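Report on the following structure.
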Amino acid sequence: MPHRSLEEFREERSEGQALLMETEHLGLKRFLRLDTAAYEDGALSSRTKELLGLAASMVLRCNDCVDYHLEQCVKAGYGRDEIVDALNVALIVGGSIVIPHLRHAMFTLEELLAE
Amino acid sequence: MPHRSLEEFREERSEGQALLMETEHLGLKRFLRLDTAAYEDGALSSRTKELLGLAASMVLRCNDCVDYHLEQCVKAGYGRDEIVDALNVALIVGGSIVIPHLRHAMFTLEELLAE
Amino acid sequence: MPHRSLEEFREERSEGQALLMETEHLGLKRFLRLDTAAYEDGALSSRTKELLGLAASMVLRCNDCVDYHLEQCVKAGYGRDEIVDALNVALIVGGSIVIPHLRHAMFTLEELLAE
Amino acid sequence: MPHRSLEEFREERSEGQALLMETEHLGLKRFLRLDTAAYEDGALSSRTKELLGLAASMVLRCNDCVDYHLEQCVKAGYGRDEIVDALNVALIVGGSIVIPHLRHAMFTLEELLAE
Amino acid sequence: MPHRSLEEFREERSEGQALLMETEHLGLKRFLRLDTAAYEDGALSSRTKELLGLAASMVLRCNDCVDYHLEQCVKAGYGRDEIVDALNVALIVGGSIVIPHLRHAMFTLEELLAE
Amino acid sequence: MPHRSLEEFREERSEGQALLMETEHLGLKRFLRLDTAAYEDGALSSRTKELLGLAASMVLRCNDCVDYHLEQCVKAGYGRDEIVDALNVALIVGGSIVIPHLRHAMFTLEELLAE
């Protein structure tokens, strides 16, 4: 399978986040905290907000963001059919340009469900 | 309030959809049906999928789509705090470029909740 | 019909282009000339390239650009069915987020065909 | 001049920001503060960062954001030629799809310089 | 040549489409059929619509979509000069941000014409 | 480090630019010249305009463009803190969807500063 594996993504993401933290840029660090906080339980449950993050990442066509939110969605207990149903909303909103990212999401989902 | 009102949006949308139907283009009509079907109950509830549609519309920065999904979300029973929490996820994903659409959403939400 | 009319677009576009010319910025003026030249007969006909400009404008969701290229397409002799068929390709590529621009295009097309 | 005036933008923006503040959503308020802080003096001057905000707003094609940053740039002392030179970089990066926003920026710039 | 080869794209695309089909999601399958149908002969020829798909994919900056439509365009009989002329329209519409995808398209085009 | 290295980017970019030049398409060549000229000293300094190019590339989420402008910014004498401050403006404007490109930029910046 020639596409970037989930393992490679995790390793690169981890190294990259460390570099971001080393910058000591206050605004940047605050944004990263705010980003984490946005998916915590609030008026909506964390679980629902992870699904919103997945749909938003799909229509903006960012594979790294899709992988991150897919992992959170699987951890939150969504099953394959529910995730595919969310991906379908993103496909309809975003059109065929989303299809390569849909294929990518399917590869990642297989890896996540196999873990 | 100088921005386009919900009433104007509904009227223009209704006229525009009629023009789309008059084209008699089979592919176009099928897409419109598929779009409607994507938000019906499936592995995920219709209610959850409307919220996905709202988040996707916000990060893609389309006021007409935001207004449409806001109305569906209010009909589905989401309260102000839940909708604002969903909008906040979209703001974090999409950044400050989303803010003008967030302001627009707040105007529309006021109109919807007043109805 | 509350949406911006073709007449308003033409007037605003004309005033705006005049302001751009008055800047006397060489790079900006060269880009505007290159933009015009891109749609002239070359390996592809001007007529075909106007249709490419329309499809590109639709998926990038720019109503002003859509109006400009629709007018060029009607001048180039495309009929309603051909233009709707091109818009359908853009709808499939770009998804439901394109629909408000599709409605806008239908209003403009009506105005153009009535002229 | 049929396009939305700077006066209308300011009024609508002011009303919209008030609605955002009334939400009492902590994440949303923190993002708005972080947004303001991003343009304050740091390793780069506030003045330079306002120009970055303008270029980013242009290529993302958001008229409200363009108007906001244009006003900040004029306040920061940039002259017409400098602003047009920044807009030209955005035009080259973003292509002809940026032109309607370039025209909008020229209208706003005229209004700002006349004040 | 370090970039992803056409061969790798075809293999990954084929595997990914199989995973999409295995989902048994009715909406998703219908969208894929509608996507195929959008490029069949209609008011416009299939040949013309493939070129529209290429231009739309370029300005939306999706290399996988570009590769797919390039292959269809070569199969439809477009020569190198015609394809480059279409890519130039996309470059003007989308700006310098499109250039990396233009380079990618040139690599793919070389591979396709060598086959 | 699994991500594409700066060395690979430079090699692929160089090969790709050669293919673009071989097309002998006049419009395409003129655009490439205009692109180069946009960053030369004018009403704004070349140095300032490279930073605008970097911010625009970040919010449009193009790693190749980010790498190109990062290299120009380092050559123009910007230090790590100034570049990170510019990247932070792009993060705030573009949101969390920009984060993977921010990580990419940090890897590239490390490579550039080590040269």
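Each chain gets a letter, A, B, C, D, E and F, in the order it is written, and its residues are counted from 1.
Heads up, the rule we're going with is that contacts are C-beta pairs under 8 Å (C-beta built on N, C-alpha and C of every residue); 3 or more make two chains touch, one makes a residue touch a chain.
It should be emphasised that the depicted structure is a prediction, and the values quoted were computed from it without experimental measurement.
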Among all chains, whose Cα centre is located farthest from the one for chain A? C
Since chain A and chain D are copies that touch, just let me know if over half of their interface numbering is common to both, same, or not, different. same
Compute the rotation angle for the C-alpha superposition of chain E onto chain F, expressed as a multiple of 5 degrees. 120
Taking each chain's centre as its mean C-alpha position, how far apart are chain C and chain F in Å? 30
Take the average of all CA coordinates in chain A, do the same for chain F, and state the distance between these two points in whole angstrom. 26
Hey, how far is the Cα centre of chain D from the one of chain E, in Å? 36
Chain F touches at least 2 other chains through residues 27, 31, 34-35, 38, 42, 56-57, 59-60, 65, 81, 84-85, 88, 91-94, 96-97
Touch graph of the chains shown: is it line, ring, star, complete or other? complete
Counting only contacts in the complex, chain A reaches chain E at residues 1-3, 61, 80-81, 84-85, 87-88, 91-92, 96-97, 99-100, 102-104, 106-107, 110
Chain E touches which residues of chain B in the complex? 27, 30-31, 34, 37-38, 42
Of all residues in chain D, those that touch chain F in their complex: 34-35, 38-39, 42-44, 48-49, 51-53, 55-60, 65, 79, 81-82, 84-86, 88-90, 92-94
For the complex, which residues does chain B have touching chain C? 4, 8, 11-13, 15-17, 19-20, 23, 25, 27-28, 31-32, 35, 56-57, 60, 62, 64-65
Which part of chain D faces chain E closely enough to touch in the complex? 59, 91-98
